[in-house]
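The first chain written gets the first letter, and so on, giving A, B, C and D; residue counts start at 1 in each chain.
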Amino acid sequence: MNKNEFAPTAPMGWNSYDYYCTAVNEEEVKANADYMAEHLLPFGYQYVVIDIEWYSNDAATDDQYQYIPFGDNEMDAYSRFQPSPARFPSSADGTGFTKLAAYIHAKGLKFGIHIMRGIPRKAAHDHCRVLGTEETADKIAEPSSICGWNPDMYGVKNTPAGQAYYDSLMQMYADWGVDFIKCDDICDTWTYRESNHNTFTGWEETRMIHRAIMKTGRPIVLSLSPGPAQLPRAYEYAHNANMWRITDDFWDSWELLKPMFWRCETWLDHVKPGCYPDCDMLPVGMIGGKFQDHNERMTAFTKDEQKTMMSLWCMFGAPLMIGADLTQMDDWTLTLLTNRDLLSMLDGKHHGTQVLRDDRQAVWMNVCQEEKEISLGLFNLSEEEREIAVTEKDLEEAGLYQEIPGMSKSDLEGRRFVESWGGEAAAMQNGELRALVPAHGVRVYKTRFLPR
Amino acid sequence: MNKNEFAPTAPMGWNSYDYYCTAVNEEEVKANADYMAEHLLPFGYQYVVIDIEWYSNDAATDDQYQYIPFGDNEMDAYSRFQPSPARFPSSADGTGFTKLAAYIHAKGLKFGIHIMRGIPRKAAHDHCRVLGTEETADKIAEPSSICGWNPDMYGVKNTPAGQAYYDSLMQMYADWGVDFIKCDDICDTWTYRESNHNTFTGWEETRMIHRAIMKTGRPIVLSLSPGPAQLPRAYEYAHNANMWRITDDFWDSWELLKPMFWRCETWLDHVKPGCYPDCDMLPVGMIGGKFQDHNERMTAFTKDEQKTMMSLWCMFGAPLMIGADLTQMDDWTLTLLTNRDLLSMLDGKHHGTQVLRDDRQAVWMNVCQEEKEISLGLFNLSEEEREIAVTEKDLEEAGLYQEIPGMSKSDLEGRRFVESWGGEAAAMQNGELRALVPAHGVRVYKTRFLPR
Amino acid sequence: MNKNEFAPTAPMGWNSYDYYCTAVNEEEVKANADYMAEHLLPFGYQYVVIDIEWYSNDAATDDQYQYIPFGDNEMDAYSRFQPSPARFPSSADGTGFTKLAAYIHAKGLKFGIHIMRGIPRKAAHDHCRVLGTEETADKIAEPSSICGWNPDMYGVKNTPAGQAYYDSLMQMYADWGVDFIKCDDICDTWTYRESNHNTFTGWEETRMIHRAIMKTGRPIVLSLSPGPAQLPRAYEYAHNANMWRITDDFWDSWELLKPMFWRCETWLDHVKPGCYPDCDMLPVGMIGGKFQDHNERMTAFTKDEQKTMMSLWCMFGAPLMIGADLTQMDDWTLTLLTNRDLLSMLDGKHHGTQVLRDDRQAVWMNVCQEEKEISLGLFNLSEEEREIAVTEKDLEEAGLYQEIPGMSKSDLEGRRFVESWGGEAAAMQNGELRALVPAHGVRVYKTRFLPR
Amino acid sequence: MNKNEFAPTAPMGWNSYDYYCTAVNEEEVKANADYMAEHLLPFGYQYVVIDIEWYSNDAATDDQYQYIPFGDNEMDAYSRFQPSPARFPSSADGTGFTKLAAYIHAKGLKFGIHIMRGIPRKAAHDHCRVLGTEETADKIAEPSSICGWNPDMYGVKNTPAGQAYYDSLMQMYADWGVDFIKCDDICDTWTYRESNHNTFTGWEETRMIHRAIMKTGRPIVLSLSPGPAQLPRAYEYAHNANMWRITDDFWDSWELLKPMFWRCETWLDHVKPGCYPDCDMLPVGMIGGKFQDHNERMTAFTKDEQKTMMSLWCMFGAPLMIGADLTQMDDWTLTLLTNRDLLSMLDGKHHGTQVLRDDRQAVWMNVCQEEKEISLGLFNLSEEEREIAVTEKDLEEAGLYQEIPGMSKSDLEGRRFVESWGGEAAAMQNGELRALVPAHGVRVYKTRFLPR
């Protein structure tokens, strides 16, 4: 079993966080799954992911804290969190997410959950049992390895008993029918990485979780959070996980979107089958509904910014996880998310690379060798509309003729390109493709030399 | 009430840690107090301080951990640790250290305890009560503010309820008869100070503890640990505490002793009545007895190194806390600790300053204006015996004639100095005092212009 | 000779930089000196200091660079810069600043100059001679020790020939009649301090310059720039120099003034006779005239901010160097600079300390034991007018009764204080002195228990 | 023109530095070229590279400095260094390296030189001319952008005149017949990267040099030094250069060799045609001859360490630049350098990846899809001989079956592997290949499924 085969193409789906914060419930998950099955599955979206603190019994009612200190969390006899039965009634019989997963699977979708790295603090203080070992939770927990922003867990020591804990946890998830795990506080963990005492256990926990998944025999996709992931650890991410966040939490703000061009440049050599640097959820459509500040809103991104985001994510090859409440989906956003030109770049046969970037513009090239297809993304990173150009020479330097053997300058001169977002077509003339692009916006020009 | 009056001169006494680690018991404390009262009190030593985890019921029997994760700690109904009754039988009736403090006071000594910053983690997880507020411990504890090396506490939030907790704690200590508190994990706290999430609460806890002490009306000396204290926080230390550690844990090794010259240079402008940069315990005599590695030993310092340490601490004006098991005191060490020439420098009327320092030598000057007394410490920091000299010009540049108005070059030329450690006397000749000093050793030359 | 006697009180005077940038000339210096002698000398201002690049022949005519790369600098045969004769005609005969210094001395004033640490780069590349050694400039210059912002110099190696260079330089300055040297690129030097190769030579050059000054026998005050000075080097600054900058270049902006409260707190234990942490020039009156951006202006500080600055500098004990073009002095600014209540705090008999500080307010206390005089500065650091109060308890905690032995609470209760900036008087009532203070403003309340 | 085509496979050759330091001369270069043409060219070694300061007239005779401050360097009228005619007599007629390059080309070899980023400092101070622009060197040089360890150059500003300087320089090199440029002080530059003033110009100079090379029309390979290169700049290195150093200077010490495993892991996704992370020269054979310490020696590496180095460099895909004095080549070293099994991995059809690594061992896999060839490197990083094993499962996880489509577990079980360094053959049995490997040593097991 090779974990890269669990996700041969970049995962696509929906995540509850951007709208529901810590408070999503079973009905809401089902409603979103229903929408996805009907409207998005045909385009490749398949993962339904329940984000953080589905085990919290009071998350849905607290207005003060995002993560309630020492709150009331549902836990089984073996130090493993369980779904809060008040929020997920089908779990009241002790079957965890089994029934909800079955509901989702029945629609042809896949089921994912969020977890925090570690073992519940409460279990350690109460010396609870751990399945598969005589050692109790207090022996397994590392009391100085905590998360800096969530109070639920202690890190797990890299010992046989610690591995037994993770084995029992992943087996339970496999039994439930989990297909996707987003593990948090493990990819870039602020709190401990600078500590002199070096009590951070997350790097070893990454390997422990990977091993535990492999033991289950179930192809569970592993996604690591939060970011920014650390470049020197690229090898470890790629050998233990399928996705790793290259940014801190991403929201609907140009101040966060613009640096994603720099982040994608930095990580582009690391996009491979089964290995996906992760740009975080797409904060589009209706978001923010259940956060403490009650700031339910249509995304603050302009339409141009949303096209820019969608184009970059696809040309780079990032996973697409929708943040919107799908039950409130509008037509425009649906169109954005289902642009076939862009989505085709995630089919595993396309390869993207950056051609040039400065503070005001970026140009990306995405190529499908098999179909002799080329897309050129012209991004305007500045505050005013401007003409952006890319030359044949730029494409040569960016390696186009290596990517499509046999192609040469004469194939491009005069070549007509279609615009993928419905804009005007354009041609390469005098060795140059040129377009007027709105502020924060994009034009994606596509041409295919072989017929489909 | 001004906290500087609680300790008008640098505190002197004994601390249980260097010999007893976390495991000292009542009989041992009394035995050390007995020795101090008889042999050391006449020289100014008066504080008997019980160091870390006197509340642990299993510290004395565990060989694996110095601080047992999720161990069994004695606690009252108000989230306050109590002495372990097995180790401190007089506390079994719920009076805490009251009886032990009375025993110590009866001998003319003062009583001190060590505490960890914060509120017990167990109290937070169990939602225990806090005296003087309706809020329970989980509301007061900051779940991301922990110590990097000790698993007992969460930091306390700077709220009225948080202050109520510290008020109740300090009042209990005052009621017990505590005269000295060494508060740990508060002076330089490695774990959190670099955190992006900035959940460290220690700087505010320093002020909360100071306020709580002032409210008790009892002059409890406050000592902050661990070090190295942070220079830019000198003002805060000086306004809230009486002592603050300028070094990480100090032990019997030249590699730790030599840099103390640099540390003392750095802090020397901050030594004032009631404000004492703290060089940590004197690891002399028999130490290490109850540590996990069972390395009971006579200090690894040479005799020359011990004189160097004692001379630097006294010339600088640091507190003197003996680390040795006093019940195993030997004659040589007792002589070291009771050198009246050196101890007199801690009487509040002396002022020390560094004259010069390089990698191989240091010279200190200590002056008592009132008695027109001058001591010159010639320290050999190198690995070989060497001649060390100080000139009248050096003393002028170091400010001698400002310190003793009316004194001039002619007073010094030909002046005879007595050596304070029993070495040969020496005179200033041709504007220079010169001595042969052994490797790692010291010569202290003293002269007094006014008769006593 | 003790360098602390060169400046027994904090130096006061005028510096050419804030108005004239690099381009001041002889007539302008004289005109400013004339004004100072007539209007400011009676209040204690005495130093006339010519700031950076008086040796540049093209500084006055270049509009592009503040410091012209590889520009035309006047230099003698011994690798020493000389005044530009076009700008300082009296130097055309090779006597340097001798005649200008004499002019200034004749008015009862003192004469100062700015220098850059090091030896001219041009001298090193041309292998020029150095007085007092056979080695040429290329042997003395450290080719990797440069300034990050000024292109004129290489650092000097700590060798006998390097010392000979500084000896020859300081002797030339002494011969000219220099009383004050502001040495730049030596106090906190950004460029090299983090370098792996550690080629920064400035810390050793500080000692070399101090030694060279002592050899001249002339009491030349030494001022180190730029800041922020490094706290752990406080001992070295105090033993080699009279002033050291605790801030980067200070200008007329609240964003720079507000943090000075934090900076002064940090350095207040280091203010002593002959040792003055330096808050940089007072950017008041007409400034900015000869800078490249031609932004001649009345200071952008409000009047309240200027009083705040003047009050803090004086209560703290900082040097007062006026930045204004004195020839354009206005009445209000002159009044600001000559407030006798504030200036008296720099007489060497006053001592200032901070009583309390938070983000919105600060309170300082300044005491003259001899005259039983107390001043209380109530500073409003916030954006709105607010009431600020200081209690008798605060003053006790800040050490008032130690500073004036014999004083007690009863002396203060009901005591009437005069406001030093012409505001309403106030009294301490019920243990509290309270005043309404404008945004960014100050009230200074003074009382004297002994008659003058 | 695409710079990746300049070096479709990893460059192999010889560099003068490890033996000759700054002092190689024309005869020595020729003698090394003669040896290479006869003994190494058949194996793919073709570059003859003259390292640092070939322009220094006194480098060969100075015993004090590696790089003489303000030394005598040969320069033309356009601010461009020329070969020292005393050391390179064929350049005395002003033709630079033209004749030496021709000599080397005549042998079928390629000619390379080392340069320092920037423009000569002397040219800037003397306001020398620059070809192709009216601006003189002082206008082009950035006076605060220097190298921390070599005193020759100032950085060049990114202006049209700055580009003109680099254009004229690269054109001169192209005219000489240069095929390879190792540019120093540009890949990771310690001195300035942390500077607040941010005067480092090297990142822009990288792009300027690349552009200047492209303008010449000559395929000059560009190699960047020193290391460690910065991971977040991988994209820029790959788009402007052919090689970039991933380590600081590498010498014959296990303390430097062992971390290369970590460095190669970090960079392995960035090895591509035309893009080679560079592990620095191979310090084998006779080295150190002309250094200031006169430490001529046979490499201090053991034979096992040398095989480890050679195996890692080849399996990773790094350039191979021999450091030895070729004229003193011994049989064993020649055999080491000409191992055809290992060298074949640099043919552009092989791909290497790390299978596993911990502190005691590493396993690498190198695959040629076309020939269905697999090599497994078992490296012992510990201090004792030990058994090292790799399993079929490890190879699956490392992606073997993706690299050679159609291959499966059954192809491997029982498969016999030959050892590439002459050791015993081995077979995969029970899903495992296992070998005893000496301390610091390696075994490389190779099998080929298609016949050649």
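By our rule, a residue touches a chain if its C-beta (ideal position, glycine included) is under 8 Å from a C-beta of that chain, and two chains touch if they have at least 3 such contacts.
Source: prediction; values computed, not measured.
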item	value
Co-neighbours of chain B and chain A - touch as defined	none
For chain B and chain C, chains touching each	none
C-alpha-based rotation, chain B on chain D, 0 to 180 degrees, nearest 5	180
Where chain A and chain C are represented by their mean Cα positions, the distance between them in whole Å	56
CA centroid of chain C to CA centroid of chain D, Å	52
Whole-Å gap separating chain A and chain D, where each centre is the average of the chain's CA atoms	38
For chain D, residues contacting two or more additional chains	none
Residue ranges of chain D in contact with chain A within the complex	1-4, 231-232, 234-235, 238-239, 265-266, 268-270, 273, 354, 396-399, 401-402
Chain C - residues contacting chain D, complex	69-70, 121-122, 124-127, 138-139, 141-144, 146-149, 151, 190-192, 194-197, 199
